[in-house]
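The structures come next, written out as structure tokens.
You will see chain A twice below: alongside chain B first, and alongside chain C after that.
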Partner chain A sequence: MNDGASAGGYAGQVLRVDVGGGSSRTERLPGEWIEKYVGGRGFVAKILYDEVPPGTDPLGPLNKVVMAAGPLSGVFLPGSGKTHFGAKSPATGGYGDSNIGGHLSPELKMAGYDVLILEGAAADPVIVVIDDGKVSVRPGGEYWGKGCIEAETALKRDLGEDFEIAVIGPAGENLVRFACISHDFGRQAGRTGIGAVLGSKKVKAIAIRGTHTIPLADPEGLRELGKSMYRACFSKPGFREWTPNGTAGVTDWVNEIGAFPTRNFQTSYFPEYKKINGDRLRADIHLTDKGCMGCPIPCGKYSLAKVAEGQAHVEGPEYETIAMIGGDCCLADINEVGYANYVCDELGLDTISAGNVAAFAMECYERGLLTEEQVGRPIAFGDLPSVLYLFRKIAAREGIGDLLAGGVKAAAEKIGGGSERFAIHVKGLEWTGYESRYAPAMMLSYATADIGAHHNRSWAITFDVARGRGKMEGKPEKVVELQHVRPLFDCLGVCRLQWVEIGFDLEWYERVFPLVTGRKVSWDDLLRVSERVWNLTRAFSIRHVPGWGRAMDRPPARFLEEPVPDGPAKGHLITADQMSELLDNYYALRGWDNNGRPTRGKLEELGLDDVAKHLWG
Partner chain B sequence: MRLETKDELCSGCRVCQLVCALENFEQNNPKMGLLRIIGHFPQPGRYEIRVCDQCGACRDACPVEAIYEVDGVLRVDESLCTQCMACVEACPRGVMTTHAALASPKKCILCGACAEYCPTGAIYDADTVAAEDAWRITRGEVARTVGGGLGE
Partner chain C sequence: MYRVRVNVSGHAREYFPAERLGAWIELSEPCPVARILAGWSVSPELVMAVFIDGVKAGLESVAPNGAEILIVTPPAGG
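The block that comes next holds the complex of A and B.
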């Protein structure tokens, strides 16, 4: 099945689809990929590095969209529903990837494939249908223009309820650079604009149905260890305490420590946070929990949000949406946040970037850098119609929406007037739900995350709180450690929240890996894989984006020069000198040079000799 | 063992189907699970669980008397089954299960693994857990009474 490199865990095949020509072909999953990159994010990074050369237009036909499962995806163990998408990012121009929960990767593996690669571009809208071994590229015009949820509903009606579907909305069709991919009525691969890459290929949807068994090296052993893993989750206090509110439950804590994005990150405390927290979500709008494949702690909260404009079923809002549309746009009503979440979901906008961009526009308007004439109406923080207006204009690329559809970095370059100081992004990717002026490890995490400002590579803010908010010592070490542990879950194809949120022990993964794959590898071996992938994605971006390095590993000026004005973090910031010192230590720990480039020695040590040649000749 | 369900507790995670197929066929394949989870999305927004209640419609429909009862549990005698699929058509809950890799239609034999590993208490053994307690399991108000070591 796969060069004999693994006895189980992999379907053993890679599916390539030429969406323009409509043809597809199947390749054996290379054993080298399994050994050096494991799966998921590792496969995405390897494929993009090898097959998308520098100079490629992210929205041109030579970019590729990769969807990959990990060896643990779809297996009977906690949180096995994760899928990894990747492409050269239209938001940053560098390596882009985004993770999604639900049921896609299990279905892909049951259809016979670990990896799907979409190549080329269609002239007219298409859908890609994978039904076990039968692959087809079909006309998709009847779905084009529909919202994500509307289109998914129609596709399930037309193809069958048992298809798992990934779909883009109008934002993706219109090449908005923070367009997401949607699945299962409200889950998203939100970040880095991969929805726009699908849109550029005229691919409205990917529909998958599979019936094959996912091979296991030791089915009986896995069954028994899997049961133990579930029982271990059930016995954790967090199983009962964390699950009812899901990720929204962290809203109170983030405000209490002064790290909640508020008013376009002007401050880090939203006085009305108790109106949009997990308790309000659970009590006021929640209908049912919605879990990914194999999940014992479903964080998906399916809700019904009611506002003056109407009512909407929505999965969420989860914490990031509460932070970026709630706090950052100052919406102080869980119904309003939920409804705005729904509008983004239907349009196919990443709620994180969309909230950040809307907040940026509202601050520009307050400061007179955007006029009522330019915007088309008055806009204001705390006003739901303003926020919805901006989202809809962006998705349609109409008027002000066209200016904002490139994200805050591109918009600030056009608006000028010093707006780049409060365009809250790193490398063109909008910042997410943790204001970090009083959290050096978290600030360093955002500055150095491989896709731009994103929290999930290293959610180090708990370490800042535990170790001392103002302290710099030990912070780079923790960031490097987390940047290897957390993305490893994305290689394995499982969710990290069992570990992060309820304290499920990491040792389980080392124990379960050989039962699934037949390969005995240590946790340290797996971390080495993760470090290899981290260096590979860094090298990709260095080769694709001039200046990707130290000069771009930095937060916006607001965070380095304006102390937090109020709330629990009042008066704090991290200076440019402190940031520089954090980076010096971080690069040294990584074996990178002072400009943030992986050294030849480090790359060769990781078995990336070809990459070393590309970077150093 | 008497399987009962609370749809409002189901999160659609399909742990029940995964463990069922492993328990009964040693296959990691939720499509072989002997119970169904049906999502009703985007509206009204809930999952529906269908488990076998041993109603006997399959036995009554079988023309060759291949389905027999032992201690209240209906089983398929594969040596008699002709794969006519009459039982599949007759099953009112759609849980007589067929799969290309399985020789004959399969049905639930009340092994109880689904109830034991359902993370939310949406499937439970009504012989040992009261309906109102199944609801309270997710709120941590009562200990699980099924399964080894799950309780407090």
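The block that comes next holds the complex of A and C.
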């Protein structure tokens, strides 16, 4: 079995930092982790499962924040700038993770580490500084209270421009359960509230500078194959056409098939979508493109948004922000969406959850479940000042913001009045940018995603379209397939957009893996790793959250009981019986029992014997 | 004889007939892009954008003889 020090692609070390005591220690990267979990998300899942016991308060000192690189992070191939963060999620109480683009994981590896684990909690604000082998926990009070971009600017000024920074904003400091981690002036690890976990530890920022080289098994071979991979990207049909609008380019399509979140998911078509689509972004506010390390198809669109309140430079808005702050809050101006994006970025709020929560609050207000006195002012769909007001109140946990800072599930439990029917989440994580009442595979993807309602685990909506949107047959099979392929990129430490956006062939990764690591593995071997990680994260959440299983693998009542009222998907919904049938088939395919619990046999087959003992005795 | 070449971008190209992509196809007369897709039993809802010889077009556009048609399928959010 390889160990961390001898395997190419890995720095070979794990860094643990006790942020309360200020000490740190370095451990050898276990060879077993490399073999069974590969890296990135796999390492995060393994560490959280082993080291964060059930009963741990997500915002208490026993929770841990794990940051991990993959073996392909930072090497010469397209999209190698991905980093994975994880923690027990304050949004769901279960397994939480989120990936981020930019330059963090390459820098971490060049500093000598594949994994950073933050433990404990500081009494006062700190920053964690990793400067090659020198690790320090320093006072961070002067940065506390600053916005993400403001703080990153100050940290680079004070430490040096060559440090890569991960930072939280006021939302993370105030333990908002959908606070994100920000990096590179506008990239975020947005989902599952890991920014709040950093805030609970009083860690304002992580700063990393590395000057070592990343060991490679076959540098010459990688150089040649890497060049071929770039050439293949550049020559792909659609390379030139995809890049100008980035992910925002999908806005028209999602509306035209009737899947665009609108008015807190009351419907799935926003009549004014052409005012906030990729073409408007490009024509009205776009300044330049911005990509992560080594990216040939930069999806980041750096923009200048101007509204009555002021103007702001922002990276974005990308599609999810357009959907959740644009359509779901009914903002029909790309400048307004861009400006609200900027406000979230500074506050350190996940734009997906923030838009979802604001839309939920506006529907509650429309229905009289929240009063002007409770909110502090009138709020309305389509009104930018309402949206900005809510975002700022949430980040500060002031007034109505404190009620909403726990997310829509927690807010609905307090507001009552039937609001839980239109609190659009799964397991406490807010739904993202695809309304799925006429897309069974996508609905199943959301219901079963391991972190709660999230699109990136299995983006199956094109399969729905290709195979028949009303059909149930074959949908669970596709969801399981995608739930192994897509998260595998997060284990490898590379971006999946080259594959999903321009059709970059998966075979490239099987070819490049041995050149980096020295280990010859098949794509099926790697998919097996991804399946192992999927079962591990499921087991984590089952052990940590009572009822995590079939009863929670379901969309909100609105999606099961209210047909889409208008637009291209008018009249459609997925019934509870259909959902139940989808789950039956999904669990059977996974080797899980009828309650969505991995069976002993499946866990042992995946080499997770210890997990089998925990779940089954 | 009407000849065009069709290519498809994005992960959803798996839902198109692989043997037709990138190859010249011959039809008896010019027709809209949508009709070519219908002949392949491909849902027009899989199409996010159409380009003909690099210029943005639509499903109802008729490519000139000898043109290259690019179908862009939807990206997966972000």
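FYI, the second predicted complex is superposed on the first by the 611 of 617 C-alpha atoms of A that agree within 3 Å, B and C clash if a C-alpha of one lies under 4 Å from a C-alpha of the other, contacts with A are read in each partner's own complex, and residues count from 1 in each chain.
Assume a residue touches a chain if its C-beta (ideal position, glycine included) is under 8 Å from a C-beta of that chain, and two chains touch if they have at least 3 such contacts.
All of these numbers come straight from a predicted model, not from anything done at the bench.
**Q** Do chain B and chain C fit side by side on chain A in the superposed arrangement, or is it a clash?
**A** fit
**Q** Vertex at chain A, arms to chain B and chain C: angle between C-alpha centres to the nearest 10°?
**A** Roughly 70 degrees separate the directions to chain B and chain C.
**Q** Could you tell me if A:Ile214 is touching chain B, chain C, both of them or neither one (first, second, both, neither)?
**A** So A:Ile214 only meets chain B here.
**Q** With the two complexes superposed on chain A, say which partner A:Val357 touches: chain B (first), chain C (second), both, or neither.
**A** In the superposed model, A:Val357 contacts neither chain B nor chain C.
**Q** Taking the superposition on A as described, I'd like to know which of chain B and chain C A:Met552 touches: first, second, both or neither.
**A** neither
**Q** On the superposed three-chain arrangement, identify whether chain B or chain C touches more chain A residues.
**A** B
**Q** Now for A:Glu241: first (chain B), second (chain C), both, or neither, which partner does it touch?
**A** Both partners.
**Q** So in the superposed three-chain picture, is A:Val17 touching just chain B, just chain C, both, or none of them (first/second/both/neither)?
**A** Neither partner.
**Q** Examine A:Lys227 and indicate which partner it touches, taking first as chain B and second as chain C; both and neither are also allowed.
**A** In the superposition, A:Lys227 touches chain B alone.
**Q** Could you tell me if A:Val254 is touching chain B, chain C, both of them or neither one (first, second, both, neither)?
**A** It touches chain C, and chain B stays clear.
**Q** On the overlay, how many Å separate the closest CA atoms of chain B and chain C?
**A** 8
**Q** Could you pull out which residues of chain A sit against chain B in one structure and against chain C in the other?
**A** Common to the two interfaces on chain A: residues 240-241.
**Q** Please give the residue numbers of chain A that touch chain C in the complex, ascending.
**A** 236-242, 246-247, 249-250, 252-254, 256-257, 299, 318-320, 323, 432-434, 455-456, 459, 461-463, 465-466, 496-497, 499-503
**Q** Can you list the residues on chain B that touch chain A in the complex?
**A** Answer in residue numbers: 8-15, 18-19, 22-23, 26-32, 38-39, 41-47, 99-101, 117, 119-120, 138-140, 144, 147-150.
**Q** Would you mind writing out the residues of chain C in touch with chain A in their complex?
**A** Residue positions touching the partner: 7-13, 15, 22, 42-43, 45-46, 48-49, 51, 54, 70, 72-78.
**Q** Please name which positions on chain A make contact with chain B in the complex.
**A** Going through chain A, the ones touching chain B are 74-76, 81, 103, 106, 110, 149, 153, 161, 184-186, 210-216, 219-220, 222-223, 226-227, 230-231, 233-235, 240-241, 243-244, 287-298, 300, 302, 304, 313.
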